[in-house]
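Comments concern the structure below.
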Amino acid sequence: MKKRVVTFGEVMLRLSPTSSKRIVQAHEFDVTYAGAEANVASSCALFGFEAVHVTVLPSDEIGTAAIRELSSNGVTTKHIQRKEGRIGIYFYENAASLRSPKIIYDRFNSVFSEIEPGSVNWDEILQGADWFHWTGITPAVSAGAAAVCLEALKAAEKNNVCVSGDINYRRVLWKYGKAANEIMPELISYCDLIVGAHEDFKNCLHIDEPDFEMACNKVADQFQSIKEIVTTTRETISSSHHFIEGMMWTKTGLLHSKKYELLPIVDRVGSGDAFMAGLIYSKLKSNDNQSALEFATAACALKHTIPGDVNTVSAREVEDLMADKNTGKLLR
Amino acid sequence: MKKRVVTFGEVMLRLSPTSSKRIVQAHEFDVTYAGAEANVASSCALFGFEAVHVTVLPSDEIGTAAIRELSSNGVTTKHIQRKEGRIGIYFYENAASLRSPKIIYDRFNSVFSEIEPGSVNWDEILQGADWFHWTGITPAVSAGAAAVCLEALKAAEKNNVCVSGDINYRRVLWKYGKAANEIMPELISYCDLIVGAHEDFKNCLHIDEPDFEMACNKVADQFQSIKEIVTTTRETISSSHHFIEGMMWTKTGLLHSKKYELLPIVDRVGSGDAFMAGLIYSKLKSNDNQSALEFATAACALKHTIPGDVNTVSAREVEDLMADKNTGKLLR
Amino acid sequence: MKKRVVTFGEVMLRLSPTSSKRIVQAHEFDVTYAGAEANVASSCALFGFEAVHVTVLPSDEIGTAAIRELSSNGVTTKHIQRKEGRIGIYFYENAASLRSPKIIYDRFNSVFSEIEPGSVNWDEILQGADWFHWTGITPAVSAGAAAVCLEALKAAEKNNVCVSGDINYRRVLWKYGKAANEIMPELISYCDLIVGAHEDFKNCLHIDEPDFEMACNKVADQFQSIKEIVTTTRETISSSHHFIEGMMWTKTGLLHSKKYELLPIVDRVGSGDAFMAGLIYSKLKSNDNQSALEFATAACALKHTIPGDVNTVSAREVEDLMADKNTGKLLR
Amino acid sequence: MKKRVVTFGEVMLRLSPTSSKRIVQAHEFDVTYAGAEANVASSCALFGFEAVHVTVLPSDEIGTAAIRELSSNGVTTKHIQRKEGRIGIYFYENAASLRSPKIIYDRFNSVFSEIEPGSVNWDEILQGADWFHWTGITPAVSAGAAAVCLEALKAAEKNNVCVSGDINYRRVLWKYGKAANEIMPELISYCDLIVGAHEDFKNCLHIDEPDFEMACNKVADQFQSIKEIVTTTRETISSSHHFIEGMMWTKTGLLHSKKYELLPIVDRVGSGDAFMAGLIYSKLKSNDNQSALEFATAACALKHTIPGDVNTVSAREVEDLMADKNTGKLLR
Amino acid sequence: MKKRVVTFGEVMLRLSPTSSKRIVQAHEFDVTYAGAEANVASSCALFGFEAVHVTVLPSDEIGTAAIRELSSNGVTTKHIQRKEGRIGIYFYENAASLRSPKIIYDRFNSVFSEIEPGSVNWDEILQGADWFHWTGITPAVSAGAAAVCLEALKAAEKNNVCVSGDINYRRVLWKYGKAANEIMPELISYCDLIVGAHEDFKNCLHIDEPDFEMACNKVADQFQSIKEIVTTTRETISSSHHFIEGMMWTKTGLLHSKKYELLPIVDRVGSGDAFMAGLIYSKLKSNDNQSALEFATAACALKHTIPGDVNTVSAREVEDLMADKNTGKLLR
Amino acid sequence: MKKRVVTFGEVMLRLSPTSSKRIVQAHEFDVTYAGAEANVASSCALFGFEAVHVTVLPSDEIGTAAIRELSSNGVTTKHIQRKEGRIGIYFYENAASLRSPKIIYDRFNSVFSEIEPGSVNWDEILQGADWFHWTGITPAVSAGAAAVCLEALKAAEKNNVCVSGDINYRRVLWKYGKAANEIMPELISYCDLIVGAHEDFKNCLHIDEPDFEMACNKVADQFQSIKEIVTTTRETISSSHHFIEGMMWTKTGLLHSKKYELLPIVDRVGSGDAFMAGLIYSKLKSNDNQSALEFATAACALKHTIPGDVNTVSAREVEDLMADKNTGKLLR
């Protein structure tokens, strides 16, 4: 029986200039459809799990195209609602060397933000599932989305589904009248594992500590269900050259992964989602925290070599990188 | 001294699948920026006039890209406002033979729709201008846009600028609480020339007559300033094959243009705007109604051969087609 | 409950020069994955049915890419076998006007041809299904494929699934030591509906009559299960210009569909599959033979406007063409 | 032993907007290298003859790229001179329907125009050759090119090589101080077969007759070596739609070919060269004038379906069109 | 009131293979229009200044396309002359790692080189301008261009416009009978600021000193108007990997900028022009030499990340790099 | 007189995703035709030698396209056989940073593998030739290919042609019933120079020594004709970053080349063939082993910067890199 992972969140149309052009120079855009939570679902499906993504998409051809893309990654799309309205959009300008990559959002008033409490049958969807993943982007989008997210978390608890939440604080969202720290603590209280840096804890959880480990201790004090807290740290030489490392706080201490050098970086968008998917996959496979962290970080590192949001690698490719097997060699 | 034409209306991001793909198959979109009124400005500029377009665009790189495109067509962009917000978008799927082309709009809540009365210095812009052109899309977008359109019309009257309005009735717009026939009659009352089919007159002007000429007579009775009413009629064999003809009602009778066969059609979007620009150009050059109608129709016919919204032809190319000079021949 | 259609056959990699280049000029190929039966499945899925395709694909990334494409069309791929080996390939050169389009096959020794009798659990797959579709390409590929096809037909009979077979005689296949007319009659004897022209009946069924209707009468005499026989006829002006019409023999007489003019033709490959899918869809919806024939022919006509093998149209688009609603008009 | 055809003339860089864009809209150009005489050589090589092209090309990478293209068509390039300097360039804007295709030349001061008399060892090149072909473009380019052309013609006569000349009068060339009718008569006097319309005879040979046949009679009176005079006539509905027919004057009367409808036209450039190559091929194969004319016209018709200057068809494809075998059918 | 910068020089058609192909492999060229001085104008316009470029372009569509590109960058093009003739062209082959990028010029006999003294109304153009920029390429092209450049410099002096000159010595130009050191000293004598390395001073100004500072002292002795001399120095690891630094000689000593590592380099063409535009912008904003040098070097560094000749960055992006704010981070 | 190099081996169709996409994401493939031995021929031709490649290709358009590509590189193709059948294919996925590039072969049952002993007239082809090159891929493909390879080697010996063999051991080939070490020793015994690493010697020659030099000594003991043994060694930081160095065993000691840093790597496929071609070129030019090794290694290094299999560099470019002349500089 395949493990089943359920994710919930907005799927957007991503538009990026072809070649290495800037937006102002672009006469063609590469077109993909992606979102933080859907990226996790796609990566889990590509690792071989059943991955169910729940969202709302427009009833027009753009919505259909988004579903086609999720389906091609192997994601189960049958619980996706279709409604008249618009898809959220983001423009992504890739970069190189000393110029920074840039995202311009055009996501307000999307059909996803209009999702209605009660419209998702979470019990049916989560029954028998192994993992539920959400991010802090969803409750930031609208009161409706926040409410549906809470419904999902309650159903997950009821169905004994392991829960991860990526805090993913974005100041530019949260425009519907609530602040992150009014909404997030309740949602976080349902999680077994969270992703966050210590600034996220400050912005969303009122926890203001000078370093990651100290902040994690406080978070764990306050949120009893949380067993692990993970994050990645980057050393940024330029847009094309990073070093990346994963960290995991556990009740028995702080774990560090191997550190990877990334040069050049092809596309870093979705690398956090790749990390999360790696973590879910490895935890559900073996539940060894150190291996899960290594797997997640290697998956994250590989994502930087792939255009688009989705980490189209197999578990085998991640394991080979972890074992430094054939890295940089021509495979035949 | 170059003639000066002023236009006012929304500029959108146009996204179309490359090659002859459908939206659901598309992995790349061709990117242009266009709008009915801006298309008229671009075409007038390409014919050699000074063309000033007034609009509101986002302050981000997408807004900049839109301005770059208008500038490349020679349009004067210095009166364009920039504001935080989103650009209106439309997705265009081209077609062939028995499959119809399709437009999906995503234009609500654009920065243009948030334009504020009083924010445009119309007197400065219209002083010394020769022509002002607007369309029924603008007052359909928001109360603000309707109000600014009325301000423009009053300033045009004050500055003795000739005015054309393209009724361009679109049922799917007009969502802000007013019906077309509550707003349009006042705006139309400032026009010297209008573009419209007899259904437009019914929807916007309460004038319901069985044919174009009879409807025009009624329109002219009611709106004393109107001197000419123009329209194009199409015989549609398939998406790739049309016949097109222009008609002009004048106080002295109905004029017909030559009829053109279009096969194959490359891109029909903007062909009405090409017609309008041709009319403005020819009226300002010679003010002979029959030649203006012929020029406008030939310009409209040529637009069908050009990808994108804008009719990138010179006046010379239009005149050659009118005279059937070298049609279909290889020019060296 | 969605109707369920099951199809069985080879999926190939299709490579076509980009733009309108010839193969000898090509420096880039457009890449899709398709096959006659899979095309039917894709089209049925796009019409809204559950469509299950059974095949064998390589275990490498090329096989994965083929599955991604089927999934994106909404086809259920969970019964697809993966094995070490090669995918069948075909090169397609599109054409125009007086130059003919061309297919070069490189499909021998594919993993599909190595399919083993007994390897498909047809009872599980066909239980509760509404329709099973196969074509004469499958038994032509290998003895194994012919045997598995026969297993499917027996299971379909056992499970009361309606069966269609497209004779699709291809002389260049049938290389494994059996002639079409040694194998096909048994397979045909399980069908409710077949697709074929009268030359097909001669080549595969030893039935040699001078016209379609006479041949059909003989076929029906010999194969008692057959209730309808369908075909399309083309009038070929050039590669870009055809007229097409559907015909259906029934026990109560010969039906003709509306005739469609196709100009220009974008890509005719898969138009027969589009016809078949239309027939299945309409028969399962209403079981009216004349409407089914009209729907199938309109679907077939629309396919000619779409690049690739798959008819990415909705049922609504087909119905609009049947009703001549908006044909050639710009839809907004 | 393969027949050997020798051609002499300028090879240019051809730049055309990709897709169906206009030059003013183009951000990418398709790149090929071509010239009237080289096109004939390429087509003859593709029909299976040895084809030797003589020209001068720059010693830089652009010259190398031109040679690569000729080589890929199978043309023998070893007699091509390389010199410091520039390649002639032409910009080609394709068209559709009522818009005309357009060529902009930038060919003055090319290395070819600087060719020096005596620099080509014509005796070595033409010894044993079967056919020599030149066009009126070459003597129009420079005094040097005219002189080398005359050297070639004298060597051809000495070596009993059959000679064809395509008059191809272009007013915009002939800038070096000589008029066409000062130079062409001597060159024409060496020809066995010429291509020309009656206006060409007027411009280049002082022969002014009202129709083709009458003009041909006069030409043949004056130039005793000429045995056949050929031309094509076009009926031009639009840029996308022509009818084309070949004509050949012989001492025993005027021959007409079958007439072909071309719809749509993909690229008409080089269709005259395709006609000429077809004529040479067929004359050298069988020397039957009617078949040669039919073959040439069918080859010319096929060229209209192929992007670029070169007619990449095989003799078999031409023969199939002549026999109307499979026209417009899908070949497998 | 916007600052106004005026530039004068040739605009060329730039053709580069798409992807990372070599010229000999290229079947498509990316198309842009650029020139050293026009690049400075474009960059100044993109920084928010009024930038007027003066040049001569062909009257055909290629000339129009060049103007469209300048206009899209916001450059004022109304003083550009149009004449029958050819545009200068350059082919650019990008490179990577150990292979060097390469430029092939085809710029002789361009319409720009035929510019006539007296044909530009410099007084009108320079009146009220803040800065005039020229480079040593212009006087190298033709006697006419050198004469018009001198006219511009005299008009600049008369109108109290600050003048910069980029010596930009190119041995392969200067073919019209004058040597650089016969022409350049007079032109340099009008400058307030020059760009040059010490080899330039030797080639153009007869000043041969072993290092930059010593050479600058001599230059300043001889040319009293010169207040600053600037240059950039590169450490070249490979085509993809440079370190770059700016230097400025002033009467009070030598200034050095921060040094930037560039890895990978996307396109280095126009980086000197980006440096110059940065210098002009910053000098006109604040006239602090150290900040101007830092701004110019940061602008130059960013240009290496952008395809094409033009530095499409905003002043804000340059300032962020100077302040090392967000370098290499994803901006949302 | 040009030196003549003869090569023998399979030519395959190479398909790679465009941009930096993965195979599973690809909707377009770049198309080239290549093979280890043909790559050596192409590179030798591009260095200015006569290069004759012997192979078998399909008689269809795919075979023609392969010949076109070889011809464009200047390779003599007249000894290539054409037969009904399929071309071998390989799919190449490029990579970056921590992700490895990958090749998927689909080469079994190609027309080349069906080559028949006696079908090549080696005496005619090798008479007067200077060098014959083969690789261990050829005898691995089929018994027929191995037999024809042996025929070639015997003819080379008879005609005193210098012979090189690249052992190039590939475990996945050798499927026809023979092991490498049953076939290779005899073939190697005809060689003057071989390419191989010490694992190759173990797999193919039963020679198992712990390092390259010791293994070479044994090889030379056993195979008296061998005068030099060469190899390259790579230090692999990532897919984008290697260091590469050449080594040559000679009877008088081990030679090392300069070591090159490669960052980034554009395409490493064919770099071994580039090395071999460099060696042949330099040996035939001057026969100095150290220079030959340096030339070969520099050629190999440059190949990493060029998309496709073929090293499209001139001898001059290789010499410039050897001399570190202009490395990384912009050449004008």
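List of remarks:
A, B, C, D, E and F are the chain letters, set down in written order, and residue numbers restart from 1 in every chain.
Criterion: contacts are C-beta pairs under 8 Å (C-beta built on N, C-alpha and C of every residue); 3 or more make two chains touch, one makes a residue touch a chain.
The structure displayed is predicted, hence computed values, not measured ones.
When the partners of chain D are compared with those of chain F, the chains appearing in both lists are C, E.
Each step here moves to a touching chain, and the least such steps from chain A to chain D number 2. Averaging C-alpha coordinates per chain and comparing to chain A, the farthest chain turns out to be D.
The distance from the centre of chain C to the centre of chain E, each centre being the mean of the chain's C-alpha atoms, comes to 62 Å. Each chain gets a centre from the mean of its Cα atoms; for chain B and chain E, those two points are 40 Å apart.
For this pair, chain D with chain E, the centres built from the Cα atoms lie 44 Å apart. The residues of chain A that reach two or more other chains are 18, 22, 24, 27, 68, 102, 263-264, listed in rising order.
Chain pairs that touch, as defined above: A-B, A-C, A-E, A-F, B-C, B-D, B-E, C-D, C-F, D-E, D-F, E-F. The residues of chain F lying in touch with chain A in their complex are 19-22, 24-25, 95-103, 105, 170, 172, 236-242, 263-264, 268-269. Across the interface of their complex, chain C is touched by residues 18, 260-266, 301-302, 304-308, 312-313, 317, 320-321, 326-332 of chain D.
Within the complex, the chain B residues that touch chain A are 15, 18, 22-24, 26-32, 60-62, 64-65, 68, 86-87, 89, 91, 93, 102, 104, 106, 108-109.
The residues of chain D lying in touch with chain F in their complex are 68-69, 71-74.
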